[in-house]
Structures are given as structure tokens and as C-alpha cells.
Amino acid sequence: MNMTEKAAALLTEVRSRSPLIHNITNYVTVNDCANVTLAIGASPIMADDEKETADITAISSALVLNIGTLNHRTIESMILAGEKANECGIPVVLDPVGAGASLLRNDTVRELTRQIRFSVIRGNLSELSYVAGLPSSTKGVDSSDRDTGNDAAQAAREAAARLGCTAALTGAVDVITDGTELVKIHNGHPMLSRVTGTGCMTTALVGAFLGAGGDPFTAAASGVAAMGIAGELAFREAGEKGTGSFHMAVIDALSRLDEKTVKEMARFEETGN
Amino acid sequence: MNMTEKAAALLTEVRSRSPLIHNITNYVTVNDCANVTLAIGASPIMADDEKETADITAISSALVLNIGTLNHRTIESMILAGEKANECGIPVVLDPVGAGASLLRNDTVRELTRQIRFSVIRGNLSELSYVAGLPSSTKGVDSSDRDTGNDAAQAAREAAARLGCTAALTGAVDVITDGTELVKIHNGHPMLSRVTGTGCMTTALVGAFLGAGGDPFTAAASGVAAMGIAGELAFREAGEKGTGSFHMAVIDALSRLDEKTVKEMARFEETGN
Amino acid sequence: MNMTEKAAALLTEVRSRSPLIHNITNYVTVNDCANVTLAIGASPIMADDEKETADITAISSALVLNIGTLNHRTIESMILAGEKANECGIPVVLDPVGAGASLLRNDTVRELTRQIRFSVIRGNLSELSYVAGLPSSTKGVDSSDRDTGNDAAQAAREAAARLGCTAALTGAVDVITDGTELVKIHNGHPMLSRVTGTGCMTTALVGAFLGAGGDPFTAAASGVAAMGIAGELAFREAGEKGTGSFHMAVIDALSRLDEKTVKEMARFEETGN
């Protein structure tokens, strides 16, 4: 199967299994993360107290760690949850929001990646450049990196190599690589960068695809493509109205997404590495 | 008056009194809880620091405690607020989100119900089964329990008896009982379970109806029916678009809800106990 | 230039500079604050851990402090961020949500205004009356003060004098004064008070206009007028649907706002002081 067929099949798995996904995430975009998890067919649970995160992870099918509004309490909770996930063989995805923007974020990313084995890391060019040890600049957490995908491919490869996991770098062109294979995704719409949290939501979707049993490379590609396709459909539906209606239309599109739409709209470019 | 007439009259009370409702709730669905409180005609205030919760409760007409994203800080705040509410004769409603899913949640529910007298507890089948001491299984916090209402009636009765309060169990068929009377509600739409927080929002609505002076049984039935009716109206309006638009349409419908709509659409089945 | 021309020009500055705005705000309305910041053309970053707030402030063009759901951890973070902003010459706006409603809020407002020099304070009549040392009553945090603007002008003048900054008092008629000049704004729609956080969002907009280099008086007037105009446009678009759709339409209108619309719709009354 090519990636389009794999992504379409995995979407159906999400909808039929409805995996429970544990999210420890930021309070800015958490409602959207829960709603896109439901929209794609999975079941979200948000819990971040250190006394319960391991318990909740243990009954979940995937764990999503997002450092968007990290603090000392939730950092500890993320580590406990991640260790439990590793112990139980539950896949973990990391969203290093704003990595590079503060010492605390940098230290936290280093600590998390040292103590936890991730299946996927999902970020934008500046975030994954930081993780990869390349020069990066962070301007906010909703930055849209406009490039041809070449810098992105390098940063994604380096990040994947450093962490020994799949790296999903989202931008004008998305790049997914597990260090061996690499796929570029030509879906999406610039308006996605005018709604906060579309990156976080993409990471949540990757968590849903992981929780349905997808291998990390396919799950990452499926989640990123799903958001890109939803952005295109939402722009058609509500782009002229403005970013509030577009935001809801993105969730609408995810909730209606099916195999047929994925097969018609996904634009994967499978290039090898 | 039958329950339909009581619920319609109480809605008008909410809109004319605009009671202040103190919510200590989770950060996933808090914005929706505030917005449905406003939509139904009440005035929300969210405050969770232990140094001010009692002050805020003291000026409010009802208190809503929701353990969706509990932590040691907010648990203490909930207890202080609940004790103040009991002292002042202010009604309190509990939403035991995810009860049964972790030791921390179970311990917290036990602690809260030991130290605070609740007027209403609102949960789904697995949550109220846990509270009632019956076998339960939790799969996420947005679980939709599909049953005929028989198990639900038993769990609601047991929970009401244990806590000495009204129990409101929401599912395909909702069951409200104060231990003496019991009413089933045949409103709602399955799409409500595809939006996060419709349970939390229902609890917030019950708080608004309590704050307007409703007795616990009527307030619980009114809040649950309001959400069910809003779900039906929202599905007509936006069901085909998807869950994002449906979500907004639920709030739209609550903001337009009036006595006439309640009288036309409420489907209460008053069965005695 | 009159205020309409200044506000229109400053809007274009926001859209062309896309300033990074650091918000330490409440978890009820934070998603909306981020989305209106993006809608108006700026770039939001939300970070509230005391170990990173100063770092984040230092790379930002303005700082927004909102005490809507304050707690001891975030109060400390606000002070650290505010001090860094003062040190670096970065403008700071304060939203004293619920000032007057609890001892903690009152103490916090006193502490913040003692330790930090603000460029703008934005609140409703009861909040700014508290800040001004005038009699006030708080009923919730979404109170809409219905008055002719006379009490408002007095409270705004006193608050501006006490803090030595621009005071922006929003209500049926908005009043902005820096102690020397005063402008009233006759935009807005009552439905704005039926959506939670329109006050917080207005403060976030003021932060965006400050971050684009606006002087405090112009930035405050521009932010308040932008929300008022958006409310009017949103009511035309979605007022009949209900408060959920109206909420999204407010964000839609902000995302489409341009110089032409500001010039056509802004209703500033420049009265001198």
C-alpha cells in the first residue's frame, strides 16, 4: 500500500476502535485538542496531576505530551506519564511548543527526551531545528514557516536521528521521516496559521492515529495529512467568513473525514530519504 | 404543575434573576461552561485559588464543583468553597468527571462527598455507578452510555441514597431521582457525545437552575432537559456540517431557549420511583 | 489626525509588524484571547511559569496581565514579567478581572499596581471604580454596566490619575482617558455581554495595538473600538442565530477588520477631558 491507502485505512481503524488518548497539554488549546480527538473518532482524556497521570496513561492507547504552557507541576506529571507509557509499550508523541524560546522550554525538552522514548515528535521548523541542534528562531508559538521544504527535511532528519523516532515537521510543506523513509505532504492552507493551536491539534490527531495501532511513520503522516485536508475543506466552506468560522469548519471537516476524502485529497510525495 | 411546566417556569426565573454561579471546574471545558451559563441567563464566575474560593462562593447563588482536571490545589479549593456553601445555605452540584478512572479521582470523590452536602450530583452511568458502589467501567470522560435506562435508574437511585441528594444520570435516556421521585428524560442527540464537555455544560446548567431558586430535583431535570433540547435543535441546524458547527449551535439553542420551546419539546417521563 | 484616522493607521501597523504579545491570562478565555490576537494581526504567546515569564516577556513587544483566574503561582509570574517589561521598556496592560469581588483580587491589584508601571488598565465600571477607590459592586466578571458614561468618565479619570496611565473603561459607552485627553466610544452591541471573555479579548487587542508601537491612549481606543465594531458586525451576521455563532462571528469580524471598516464604523467622541 502507498501512504494514501495506509492513511485511509488507519482512519477507519481510529473510527472503529475509538482508542482512549491521554493528553497532558496546554490550557490554551486543550478544548480544541479534545474536540479534534473526538472528531477523528478517538476518545480524549485530559489529566495532569502527578498523582494520577500514570494511572490514566496505563488505561490509554496513546499518550500526547504538549509543553505549550508547561510549569513545574505538569513537567513532573509528563515524566511520570511518559515513563509509565514506555513501561507499558504505549506510544508517546511530543509537541515541543516554543522550544528555543526560553531556557525552561529548552531544559524541559532535553529532560523529556532523555527520560522518555518517543514514537513521534511533531513541531514547526524552529521547534524541530532546536531539537535537532540546528540554528533556530522562535517568534511566538503560531509561527508559520514559509520554505520549500528543504530546510524542513534537514531539520526533520536530524531530529529523527537525535531522538530515534519519527519526526513530523509541519509548515507550508510538511515533512515526515523516521530516519529511513521520508514523505512530504502538500496539503494545508495558510489560514491554518491564523487559528491558534492548529499545531497542537495536529499532534493530538497523531496521538489518535498512534492509539489506533498505526506505526509511528504512518500515524504521523496520517495525522498531519488529516489536518491539512481539513484546512483545505474548511477554507472552501468558511474562508471568506473569517478565522472564527474557519476554526469551527476545521473541526467540522475532521468530524466528516472518511476514506474516500483522504483518497481524493491527500497529496503525499513519497521520496525515500 | 408537571415537570414540563416546572422546568419552563424555572427557565424564566433564571433569565429574570440572572444568578451568579461560582464554578470550580476543569480547564478543558471551562469556556463552554461559562458560555452556557450566560446563554441560559445566569452569570458565571470562575475562581479556584484557595485564598478566594470561599469569598466568591459567599456572594454566589450556587456552586458547581467539577473534578475534570483536578489537582491538589483545586481539590483543597473545592472543599473550602463547598464548606462555605453549606454554611451559607448555597446549593452545590458535583460533577465527578472520570470517577472510577484513577485512585486520585476516587479518593477525591470520597473526600468531597464526606465533607460537603450536595444538592445534586450529575454524571454518566460509569461515574454514578462508581459513586453508588456498583461495578463500573470508565473509558474516557466523554463516554456515551447506551442502555435502556434500567441500569441507569438503579445507579441513580443508589447514588441518590448514598449521598442523600438528587442524582442526575445522563445517557441515551437520562434519569433524575431524589430518592423519592424519579423522572426519565427522552431528549438529546447522539452527536452530543462527539463534542467534549457536554456533560460538564449540563452540570453548569443545573447550577444555573439551582441558583435561580429551583429545588434540586426540578433544577436537575431542567438543566438536563435544556441540554437535551439544545442538542436536538443543534442537530437540525448544523448536524450535517459537523461537530464544530454543532457545538456552536448547541450554545445558540441554549441562548434562544424559552418557555414555549421547553413546553413543545421536553419529553419527561414521570414514573414515580 | 483624529482618533479614527489614528486607529485605522495603527491597525495597519499591527497587521504589517505582527508583534509578539505575551499574555499571562486566565484559563477561561485564553483561547479566545489568543485567537483575537491572531485575528487582528499580532502573534500571541501564553507562558505563565515563573521560571520563564521574564524570558518570554523580553522577546515580546507587549505584555498583557489578566487576573481572571489568578493563583499564587501566576501572581508571582505576573510580577516577574511586569518587572522585566518595565526594565526593557515594553508596554504592559492590566485587566483587573473581578477587582472588588475578593480580598485576594484586591490585594493582587494593589500589589501589581505598586510594583509595575502600566501603560493601560482596561476594566468595566465596577473594576475601575475599585481601582479608583470609588464605591463599586461586582456581580460576576461578565457584568455589563448600563449607564450614560458619566459615572464611567469619573471612574476612568480617577483610575488614570491613581495609576498614572491610560484607563479604558468598557460598558454601554466606553471611556478612554490618559488623564489629559478623553474619548468616548459609541460602538459595541449588548450581545457582547452574553459571551464570556469579550472584556478579556478587548484587553488582548489593546496589547496587540500597544505592541505595534501605538501610544497608550491610541492603542487603548483602537482596541476597544475594534471590539465594538466587531460586535456590531457580528450581530448583523449572526445575532439571530444565538450566542455561539455570534461569538465566532466576533472573531470573524476582527480577522477581516481593515482601515476602511474602521473609518466607516468607528464612533469616537473626542471631548477633551
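Think of it as A, B and C in the order they're written, each chain with its own count starting at 1.
In the analysis below, a residue touches a chain if its C-beta (ideal position, glycine included) is under 8 Å from a C-beta of that chain, and two chains touch if they have at least 3 such contacts.
Here is each chain with its UniProt name: A, B, C = Hydroxyethylthiazole kinase.
These numbers come from a predicted model, not from an experiment.
Enquirer: Between subunit C and subunit B, is it the same set of residue numbers doing the touching on each side, over half shared, or a different set?
Expert: different
Enquirer: To lay subunit A over its twin subunit C by CA atoms, how big a turn is needed, in degrees to the nearest 5?
Expert: 120
Enquirer: Using mean CA coordinates as chain centres, what's the gap between subunit B and subunit C in Å?
Expert: The mean C-alpha positions of subunit B and subunit C differ by 33 Å.
Enquirer: Which subunit C residues sit where two or more other chains touch them?
Expert: Only 27, 31, 247-248 qualify.
Enquirer: In the complex formed with subunit C, which residues of subunit B make contact?
Expert: 20, 27, 30-31, 34-35, 38-39, 43-49, 51-52, 55-56, 59, 73, 247-256
Enquirer: With touch defined as at the start, can you tell me which subunit A residues reach subunit C in the complex?
Expert: Listed in rising order, the residues are 26-29, 31-32, 68-72, 98, 101-105, 138-143, 194-197, 241-245, 247-248.
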